[in-house]
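Each structure below appears as structure tokens.
What follows is chain A paired twice: with chain B in the first complex and chain C in the second.
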Partner chain A sequence: MKHVFTFDPDKCCACSACVIGCTDQNDIDLAGGEQCFRKTYDVEIPLQDGDVYYAYLSTACMHCKDAPCITACPVGCISKDPDTGFTIYDNTACIGCKSCAMACPFGAPRYRKEDGKMVKCDGCYMRVKNGMKPACVRACSFGAIDCVPEDEYLASGSNKACNALIDQLNLRKKI
Partner chain B sequence: MNKIAIIGFGGAGYCAAEEARKCDPDARIDVYLDTDIGPYNPMLTTYYVKGAIGYQDMFPFGSLEKIEEELKLNVFRKTPVVGLDAAEKTVIRADGSEESYDSILISTGASAFVPPVEGKELPGVIKMRTAEDAVFLKQYLSEKKPKTGLVIGASWVGIKVLEDFMSCGMDCTLIDGADWAFSIAVFPQTAQRIHQDLENKGVKLGFGQMLDHIEQESDGQLTAVMKNGNRYTADTVAVCIGIRPNVGFLAGSGIAMNRAILVDEKMRTSAPGIYAAGDCCEAYEVQSGQQKNIGVWFNARKQGAVAGANMVGACKEFGGNALLNLAHYLDYDFISIGDVSACTAEDEVYEYEKGELYIRAVRGEKLKCINMIGTAQINGIMKNFFVKSFETEDAEMDVPTRCHLLANGIPAEFIDFIGGKTFD
Partner chain C sequence: MTELEKRIKAKIPGEDTGIEIKHSLCAICSPAFHCGLDCYVKDGKIIKIEGSPDWPGSKGRVCTKGQSNRDYVYRPDRIQTPLKRVGARGEGKFEPISWDEALTIIAEKLNEVKAKYSAHSVAFYSGHCKWYRPILHRLCYSFGSVNFGTDDSTCFKANDIANKLTFGAGAGPNTPKANTFLGWNYGGYYAKHMSVAGVRALKERGGKVIIIDPRHTPAVKNLADLYLQIKPGTDGALALGMGKIIIDNNWIDADYIEKYVHGYEQYKALVQNYPLDKVCAITGLNADDIYEAARIYATNGPATVNFSGCTQTHHINGMQSTRAIHALIAITGNYDRPGGNVPGGVSYLHKNGGFTTREKEFRESLRPHDQLRIGETRFPIWDEYCDEFHAVDLIRQLEEGTPYPVKAFVGLGLNAKMLPESDRLLKAMADNLDFFVDADLFMTHSAKYADIVLPACSSLERGEMKAYEGGFLAYTSPVIEPQFESRSDVEWLCDLARKLDVDDELLKAGYEACCDWIIQDTGLTVADLKKSDMPVKVPTAKPANKPGTYLAGGCKTRSGKIEIYSEAIAAVDAKYGLNPLPDYQDPLYDQNDPEMVEKYPFNMVAGVRLPHTQHSRLHEAPWLRSLRPDPLCEINVEDAKRLGIQENDPVEISSPSGTIYAKAKVTHKFQPGTLMMIHGYTEANVNNLIVSTHLDPYSGYPGFKSARCTIRKYEEA
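And now, the complex of A and B:
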């Protein structure tokens, strides 16, 4: 069953519990210089009128429907999981060329210096297939991130899908 | 029933066949190949040479037999197409036989260009483009164990061949006719840093000189003699000057061409029913609005898929095409986005350097060109924003994108420079 990640910025305080959950689930060696697949941001952005916008965000791979990283990978490491719809990978033949990173509008694929291979968020697709929530979702105390079946999401009328960002990608009209 | 032909079967040809089959399960799809091997990625050849991947890994879609069966194709192996009657949508095979189709895709790719100089056929002079080239070089390096290598052409292939040589412990020299490496994509300031890095790694450099001919010394070594009289001697010489689209067989066909076949957004050529995709075509590029040959794997696959769908009645378009050059070699990476030749002395320049990170960007009314060293993590974001800045009036960054750039050490001033300034 296809799944959708949702994110509600109004509930996020960038506490990074999701990052801890992701790090633990994927055995990411932060001390060794690796980066977690999920990132949180707590950023103050000055506005033109002198006010400040406080951004609290948690982001990872958006699991785009037509994922450009899949097309860009020269060795075919990246694919769609037919059950969950998540963008997954097998980096056995990865050559570390970073073509996937060049294709990704969100900076999701990461280059692991230790073995020279690409790694990324796979949506914890094995957990989801076994009826569990992804690690980041389970770790979020505020319900800011969720992962729900696509039909449930569509029926809810919500507009909180992470990959809805794709439709407005990098676009913000001047006011 | 649609009856289509695909001439040439690389990334573009494969994706065209895959998409055509998806859109029309009953279509007859004939594929013409000069060889009897499946679609491979030319970019992977140098990775095979240095042992990063196995031979089969150069073929990301699997074997030709598997593809033939899965996509229900009629594959004509070792059957070169030598001509095309565009008006009749008819292919002419080398044996003189002909076959007509409802639509035809030209996806013949490109070949390594070796200038017609004396000595280019000498043993030890190599080129790199095909799987065959890769097998030859790997075997050559393994058997002959050359100690010194000369790479002529500081191109994207040249630098990877140089990496292959260095992985064998060879003493390397890199020379080029231009005044600096990757001259069609990088600013001299960027090149200065690229040169310094190569020299730090022990590569000897020589720029601004053209190859005249290659001689063989009495001890078997090769000497590249330059037009300015300089002589470079090495055990092996790699000629990596560039590539040329495989379009010679279209002479007299009436199909509009520049250096390659001109296509519109739907990958249609000037001849009705004839399409082109991949390294042999020039598609519209967002910055100039002109058709340009931008030979990258991603483009080839996307263009092929668009052509394949349209050939069986769909209506898809290829967009988001920008001049783009990504190099990753010897633990060093840089990217160039946009047209360096469009920059003028009147333009605004942004420059930033901190540790291994270097950024140089130029804009007039709009962005013109961005060079970045050591920014692999954000290259996709930048490329995407660059394209959007041409496709959408007043395109600006959203908050997550700005946050991501800042978190990766990109200065706020640079984000403002490229146009990510306004937040409400």
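And now, the complex of A and C:
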């Protein structure tokens, strides 16, 4: 079943539990300088009216429907999981050219120094197929991140998509 | 990759993958939580952690800290064997010894001090962990020493004592039935993650959320309808000012006051000294916001106040400020009322499961009475309400040796960084102790001063008893074997009881026998609990009393009423200068002479919570450390600009008691004149800046969250 990640910026506090959940799931060597697939942001944005907007955000791969990383990869590592619809990969043939990361509007694919290959969030598609929530979702105590079947998401009015956080910031800038 | 390989890589539990889920609890932070964990175990190793969905209380949620249990348990610097010091105290040079040798040395040395001085010259002390405390407490008394102490001397207990002074019982928020949530220093997200859902639910059903905090936190952004960015430590003045507004507008509950409140007339006279303009000047708030906060709190139906564990009481005026907030609860009739603040008991170790245990008897029945405890005469209120020595007085008694010398110290997780002038305390210990043993998971800054260091294990490597809300008791099973030669603290404590041959057969019978004694009246035994790997429902557990029951029976205060005027404080010898009414004093009243003000113009708020730290225990956990590699001191943008300090610049921060070095983090989140910093870094220990006499005379608590200091850009030579 196709699944969708949602994010509610009014529930996030950038506590990074999602980052640690992802790190724990994917054995990412954070201390060794590798980057987690998910990242949080605690940002202060001075507004034109003198006020300050405090943004608390969490992002990873957006699992775009029309993912530019798939076409950007010269060796065809990246594909869509037919079941979940997540953007997954097999980096056996990866040449470490970083084209995927450059094509991605969110810079989601990471270059792993250890073996010179690309890695990224695969939506925990194996967990989802086994009826489990992705690691980051399970780690969030506040319901800020979720992963729901596409039909449920569409029925909910789609107003909590990951990309909404971008709109949210523009609105709050009061330009 | 085969399907099975994919399943193993994704850590899917199952017979084919060899991955099993085992249940335990996270003991990294407060015993008020101790969230249930699903530990994914393969080949005897934990490979992943998740919140356990059916665990009472946490129900599948864990915070950033709990999520990092694997990182914590497998920290590379775990102490592997018992160690004997071979270098100077603090140097960190040790050689491995056996458990038997270590315990033999400890028993000999403690008995030596007992023979040469007295049993009281041996202090038994627990750091942050609570789970073994009943055993340690009883061992201390069985040994014959009156000096059992813990980190309660700087954590939560002052709140508890303030509650007992005013209400004679606890005063927890009853958020589910409230219309207004007055979050006094409420941060929620980073320190009390399970509370956020309740506040959000209140908001979603149309309730009002007011947050009073010097810092703009995620709770302010996500939850507050009204935010009062108060000057640190001026909360008492705000509470008295709000009291005056409530009285002037006749928003009080006169019948309730008549029936249940003691000292209203004196309080009414007191708040006349806090007119709105004066309160604005003290707190830095604007009049409309203060008025609106008072109006909403008093007139919007049931209103509950959230008190944070110790944010308020970490000011030298903290206990009185807390009591000034209590007065608002009293005059509006919001105590022991649905949606107000409600009394609550404790079943076992800070948790209320709606049943009683014999914990208090177990701990306190053997207490000797032939000597004063450390701090007993300095902090009489503390001594009356807490069966522990006061750890902030330890530094003085070590240095002065009065009224008698402290010569040996049995520490479990001693962390001097949690006390003011930490390095001076460690020096006093190094200079004055004949013997010092410490147990810990890691070779800490404090453990380096010990003569014997014992390797402790984490909650995932031991079995422990724990109560949970909803009428539950748990006895956990180890998820993995103890790492290296580490042992469960209660095992070696009971072994030590045998080596010392104390006159206490129960203690010598071991932890499980002690637990059985403690839970005798619950209808369960440890054997029953061990049959389940989940918490078990206690047959004798009862639902909480209906609101009003406690008041109807009379408060457990001296007057039997809610005491705005505290008879217990009034009974203290006048030489201590304590005020039975919750009047306000400046949070820096002992540091306000003109010379000090000029030299140290900033107010340091130490210990502001980060989501991924818990005191110092996670600073060296590799994943979490990578989230914030450097100790940072936060400074307001305007102050930074004025002082030529930019983001990440090295800075030097000084107070009358010391100097530390950190990097600057420039922020808008609090007002100019304030600095904020997390505690617990060995290389930048902010508590070295807190003068050891900068204390609340009521609780003895240090003024961690208001202390004079100064900051400048640091140019390395």
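Observations on the structure shown:
Everything below uses one rule, namely that the second predicted complex is superposed on the first by the 161 of 175 C-alpha atoms of A that agree within 3 Å, B and C clash if a C-alpha of one lies under 4 Å from a C-alpha of the other, contacts with A are read in each partner's own complex, and residues count from 1 in each chain.
One rule holds for everything that comes next: contacts are C-beta pairs under 8 Å (C-beta built on N, C-alpha and C of every residue); 3 or more make two chains touch, one makes a residue touch a chain.
Predicted, not measured: the structure shown is a model, and the values here were computed from it.
Residue contacts after overlaying the shared chain place A:Lys2 against neither chain B nor chain C. After overlaying the two complexes on the shared chain, residue contacts for A:Gln25 are found with chain C alone; chain B is out of touch. Once chain A of one complex is fitted onto chain A of the other, the partner contacts of A:Ser141 are limited to chain C, with no touch recorded for chain B.
After overlaying the two complexes on the shared chain, residue contacts for A:Lys80 are found with neither chain B nor chain C.
Of the two partner chains placed by superposition, A:Lys117 touches none, neither chain B nor chain C. By the touch criterion defined above, A:Ile95 reaches chain B but does not reach chain C. Once the two complexes are overlaid on chain A, none of the chain A residues touched by chain B in the first is touched by chain C in the second. On the chain A side of its complex with chain B, the touching residues are 39, 41, 43, 45, 47-48, 53, 55, 57, 59, 68, 71-76, 93, 95-99, 101-107, 110-111, 165, 168-175. Listed in rising order, the residues of chain A touching chain C in the complex are 10-17, 19-21, 23-25, 30-31, 44, 46, 52, 54, 56, 90, 124, 126-127, 130, 132, 135, 138-139, 141-143. Contacts from chain B toward chain A in the complex involve residues 41, 43-44, 47, 52-54, 57, 60-61, 297-298, 301-302, 324, 326, 328, 333, 335, 376-381, 383-385, 388, 392, 394-404, 406-408, 422-424. Note for the complex: chain C touches chain A at residues 1, 6-7, 9-12, 48-51, 60-64, 67-68, 70-71, 189-190, 193-194, 196-197, 200, 216, 218-222, 611-612, 622-627, 667-669.
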